[in-house]
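Once you scroll down, you'll see the structures, which are given as structure tokens.
Shared between the two complexes below is chain A, which pairs with chain B and chain C, respectively.
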Partner chain A sequence: MLIPPPPNHPRPLPAGEPRLQLLNISKRYPGVLANDQVSLNVMPGEIHAVLGENGAGKSTLMKIIYGAVQADSGQIQWNGREVSIANPAVARELGIGMVFQHFQLFETLNVTENIALALPPDTDLKTLAVRVREVSEKYGLPLDPERLVHALSVGERQRVEIVRCLLQNPQLLILDEPTSVLTPQAVRKLFETLRKLASEGVSILYISHKLHEIQALCDRATVMRGGCVTGGANPRQESTASLARMMIGRDLPVCHAPVYAGEVKAALEIDSISRPKDDPFGVTLEDISLTVNSGEVVGIAGISGNGQAELLAALSGESTGRSDSVRIAGLPVGHLHAGQRRDRGLSFVPEERLGRGAVPSMSLTQNAMLTAHRQPGLSRFGLLDFKAARDFALRCIERFDVRCNGPQAAARSLSGGNLQKFIVGREIMQAPKVMIVAQPTWGVDVGAAATLRQTLLDLSREGVGVLVVSEELEELFEICDRIAVLAGGRLSAAMPRNETNAEQIGLLMAGQAAAASV
Partner chain B sequence: MIEHLIPVLIGTLAAATPLIFAGLGELVTEKSGVINLGVEGMMLIGAVAGFGAALHWGLFAGFVAGALAGALAALPFALLTLSLGANQAASGLALTIFGSGLSAFVGQYLVSESLPGLQPWPIPGLSAIPVLGPIFFNQTVVVYLSYAAAIFVTWVLAKTRWGLVLRAVGESPEAAHTIGYPVTSIRYAAVCFGGAMAGIAGAYLSTVYTPLWVQNMTAGRGWIAVALVVFATWKPLRLLLGAYLFGGMTILQLHAQGLGVDLPSQLLSAIPYVATIVVLVLISRDRALLQLNLPASLGKPFIPGG
Partner chain C sequence: MSLLTPRTNPSKLMQWAAPPLAILATLLTATVLFYALNKPPLQAFYVFFIEPLETENGWSELALKASPLILIAQGLALGFRARIYNIGAEGQLLMGAICASGVAIYTDGMDGDWILPLMVLAGAIGGGLWGALPAWLKTRFNAEETLTTLMLTYVAVQLLAWLVSGPWRDPGGSNFPQSIMFSEPALFNALFEGLRINSSVIITLLAVPLLWLFVKRSFLAYQLAVGGQAPSAARYAGFSAQRTVWISLVVSGVTAGIAGAAEAAGPVGQLTLSLSPGYGFAAIIVAWVGRLHPIGIVFSGLLMALIYIGGEAAQVSMQLPSAVSWLFQGMLLFFLLGADAFVDYRLKRRKPFVIKEAQA
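On to the complex of A and B.
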């Protein structure tokens, strides 16, 4: 049997009747009113954006619609009928599908199995695998159905989430930051798919911090701040700047990169790292060399899945090698593990914030201690000083404007962008010699992203070598002094920013990948 | 030589059977993310219930009663750990202590009784195969059922929807909950299955293996079953292998003691435990494999919130 026909084929509705109508939805978490009397409606075939800064309550509202979270009060009307959505199975039954901001995938299961879990129980795995391959290719989100999820990069995981949702043939598709780690090409393809679905009558709720996406895709936007709806707009008639102003309530700050006046030394030296892939689906690193000097920001552009994960593991110390393959401020550290490298002045922000960057169930203070315990003053005679630790977390929260319920809040209770700010902040505050950041502004709202980028720039101008691995070319061009491209496991030479442009980098991304796959 | 070994091997299979039932049950429980250290207690409860029921209504009733009693004994554990979020290790230990006490109390009325046991039932055709026939196919029906159970559990885990959902729940109850699976109910079912299987293992001990009731007659087999699951890296067929190894060593050391080998008997009795663990540790050295099979949420309470 193939995938069952759409269980809820978009039913013609009386003209003008919304597909989904939310009335006065409220939801309180300890210490914060995440949704405050939110009302919203979505028409059939409409692509509706929900905008708002980190912690505005967007994800909470979407989870309420999907039944993953229960509202304290308010009403949900679906196709004109009042419904109570007790759990996600009910939502799927109604025809609501959702792509989660924090992936809800099972690492030890393969792609097909992960997708099957969200489909009706009589789905046959073999035919599904074939379908996953077809559909994912058709939508420009290619997936290998046999691969285990733990071996996938975040970009690929995002594709799994999206394809899983598309295969459910929903009437309402909720996409919570679906493009945060997708490549530009994949985003373009996804938008084509979404427009096509919308023309067939599927309604789409779309959350993103990328304002140009919202302008390109969405018919209507609802803006939230502090749990309330603060306004609506037609994104096509607004400029990015005016949308940003509606979101964060002030003008968007602009990054400025002062000239570095200090002494230029090699902060991080990568000397011909070659590493055969250790898992059949990994990427082999071939002879990677790069030097990051103090006082500069170097960017590594490229689509994740081209050796990014492997290179980051080799740099952070998760995998070790020759002692002089990595040097920090001249000191060979290639053979040292992650903790020892940190002792020697390395700070590292991994791309997965929940699980790698932070332990979801631990408090912010404890999470700060996981890497900051080596800071002077935070431990005494080998014992942690919890008061100092709390102060450290508190300073990080204040300095980086992390919206949360204080340092004792569990990491998982933070909104995605706020957790990212906390993790980056925690690393910056450790006064590193070298700072390596993967996807620094993943899921961070425009205002906070500008602040974070500025912070990274300022950090480098204090004499730190900063290496940024990102898929977002715009971001790299905004903050980097030099940009290299990692494609197919090979790294290009790092080119000064003003001697290159997005075109050239894009060609390198494509050309090298092609050369490596021959 | 082989003629001398065959009786040892026949005994091996019989000795391994309770470990297989209890181990498979615990394996399913652990795959759902719950570790139940009460296997020993549930086996004892199953043993005493099975023995009592078999005395009155026959062997079949004995096994049914054993399974029911085991599942029933698992229920309070499930209630404490799954609904109330209690610590799984502590609750499991409590269940073992409770089980040994309760079975001793009920069993005091049964100590002087005995059952006829069960005759081997050679499978026509298969049992005539030289060497393997008498070892594998000249056994009691319960031993055959243990093969079937191992194949069944392997198949369910690897090939069926239930198995997929169970593995998903054991790996990430949060994600399973978010995409709409009733994590707690699924875990209840897995824990009760584990209890029923432990109960069957106990009933086998008291009605077939040594058809008597003796206080604490499981003699640590429940603990071995728990250890086997871990060292078998949650793979049913490896569990089978471990159980046979342990069964074989048990019988061998009995023979050795009988032959008057010049070693303290306590040392000999320890050999099966040590040998089984050493061998299983050696075969499960592959860390990647271990991480793939280990239910990531094992032992961690999950209370759906939101």
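On to the complex of A and C.
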């Protein structure tokens, strides 16, 4: 076979027969029952949402359907027949495609090669590259098939995953938090695509913590909590508040921003950072200046891939430059590497949690050491005190409500949202002067997201300068005192929140991007 | 596409079961081999693995051979954990031996307690420099350390050959390519009357707990491990990738260099062309079989030493070729890497169980 076949028309099913039926699926991990007697139906052409708190077991269930994880017990019926899905290859052969929450791409391969990995071995790369370009353009997910994956932003990697699935013409498409890193336009495009696929009879399982998306897209929702199915709903007939209540079992807390009464000093000063892109697909930073004062939260709005990664690396110290290009509490640190900047009071939460913010195979205790080793008591004379680190990890787990199997759990065993809570917690517990957070609530459930936002607000009111880089305008308007826009490698002036609105920000995002591209 | 697909959760138990399984597979293959050579396998195994341990002298020889293997493997494991693959420990060992011998040769005739420590120091420096060179090449020019360390081994071998057949050749001796026999102050003294085991093994005995502490508890070793497992996390935390390269290569160079000095000033007692029976290469196997774990390496080092001694015994009493020892080493590594592959990956079944309709 040279190229994937044209859409294989799903086998017509007797009316009312589900495409996928799960019966009493259970899966135990050491210390947790991730899925507890889960039963679920997905009809042909149905867009079915799975909702639930972080760690509710959504990803585990999806991985079982996709054959990436084996259930301990229970049955899977596919088009009315019982099947055993031993591995993802079997799932793909059945017509099941999946976009993972944590990407499954090889950084050293290019886009086409990565996609080829999921296709039959004799796929011709040249023809495939053409197909990739076609499909990605058709569905509004622009991709350059020749680019190496390691040079792609998180959003672009997400596109690769989605295109890879679409090329397989699935009958069931599983999307585990696909939109967390997509631009609003791309989300709109994706929804059009999904609706079109559904109208052709493709079933879709859709996981997201963004309730308005679920309301806009999904026909039916299943709610999970603690591994069990706790209910179902028609999301169009529910309000976001009632959906949130079903998910977290209580009302959604609202953020409140107290007035800061302390002394206002510059906590973080960025002084005209210009940086040529270091790879051909990067973004050139042009004369970026910004001051974040103690006691305030400043937001940087904009879509990933507009210089966010480059700016964050320049601020965190993962790339260095002129010494006075970055100042922390007045001290020039632009020439210092990440560790030295942390010594001077910087904390940073990157957008990639697994592999950058945490070492996947290491325990939470060991991952606490990654940045907290400089805390008093955790290391002495070049030796680490893992008992103290364990205590640190335990406190972080308790304070930030990280659902996991204790401090010895490996980072990769945590659900996406819980790992994020752990990393944010670890960084906050270092008593920073400046806290930089990229996409703070990406993948975090609505309840925990509200708590995290409140935590960031509280942190700032203790006199910390907080800089939040996020794609979610709602989030920025909820917690920021001032908002700037980063588009096309340029940063707008930071405007007080009550003097601007979503429209103006949106225009800035478009306008600067346009200005940069001419 | 490949036949193997990665396992999502490789079993910890199997990771530790792999070395015993590899040993078993090696023994089974060896049985076939002995049959083919017309040697009774049971007798061969007896000569190889039991007989050496029946005498005091056997144990002494075992310790003497295990000592450098363990010491070198400890240093290598440190780098391997950080994914820095120094495979030129043999060259670093030879450089250590050369530098230590230089001290012995130029202080010949002098007396003093400082000579031996100076030799060990010189060995450490020689090995360390021979590790630092690839580190510099890697950090400066991004040259693969697997290649540079191996190539530098050949440089060290040639340097040794030149020294012992030229400037450092024993003038009093025949034309053999070897230096003078070191005098008393330049030698480790024997621990027991009549046995070759000498005080150089104390270096290894001290190094094991120290390195164990270093690996388990030190911030440096932690940084190396992070750098090996998740380079972006290391960058994020501000752990320098360059330092990882330097430390991995220099430390393993130093341990190999010390082992070389201990060989020259210990059982060999002079600088010769045949100073090392490939300890630097065998230590790579020792490190892997010991699962890169400081205590595991002690056991695998003893096993590898036994293979060496058994091989010598088998040559004498069964007329087996000396290559049999090498064969054992090679098979052990081969089977271990094979077993490891199945710990981390599973074989893809050709025809997965799928119902017919779904395929259509």
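Assume the second predicted complex is superposed on the first by the 513 of 518 C-alpha atoms of A that agree within 3 Å, B and C clash if a C-alpha of one lies under 4 Å from a C-alpha of the other, contacts with A are read in each partner's own complex, and residues count from 1 in each chain.
Rule of thumb we're sticking to: a residue touches a chain if its C-beta (ideal position, glycine included) is under 8 Å from a C-beta of that chain, and two chains touch if they have at least 3 such contacts.
Keep in mind that this is a model prediction, so the values were computed, not measured.
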Which term applies to chain B and chain C once both are placed on chain A by superposition, clash or fit? clash
In this superposition, which partner touches a larger number of chain A residues, chain B or chain C? C
Please work out whether A:Pro121 is in contact with chain B alone, chain C alone, both, or neither, and reply first, second, both or neither. both
Scan A:Glu352 for contacts with chain B and chain C and give back first, second, both or neither. second
Which partner does A:Asn87 contact after superposing on A: first (chain B), second (chain C), both, neither? both
Figure out whether A:Val69 sits in contact with chain B (first) or chain C (second), or with both, or with neither. both
Identify the partner contact of A:Phe100: answer first if only chain B is touched, second if only chain C is, both if each is, neither if none is. first
Kindly classify A:Arg342 by the partners it touches after superposition: chain B alone (first), chain C alone (second), both, or neither? second
Clashing segment of chain B (vs chain C; choices 24-32, 96-104 or 132-140) is 96-104
Mind sorting out which residues of chain A both chain B and chain C touch, each in its own complex? 68-69, 87, 89-90, 117, 121
Residue ranges of chain A touching chain C (in the complex, touch as defined): 11, 68-69, 78-79, 81, 83-84, 86-87, 89-90, 93-95, 117, 121, 316-318, 337-342, 348, 350, 352, 355-362, 366, 369-371, 373, 379, 382-384, 386
Within their complex, state which residues of chain C touch chain A. 1, 5, 8, 213, 217-220, 222, 225-226, 229-230, 232-233, 235-240, 348-349, 352-355, 357-360
Could you pull out which chain B residues touch chain A in their complex? 161, 164-165, 167-168, 171-172, 174-182, 291-293, 296, 306
Given the complex with chain B, which residues does chain A contribute to the contact? 63, 67-70, 87-92, 100, 104-109, 113, 116-118, 121, 148
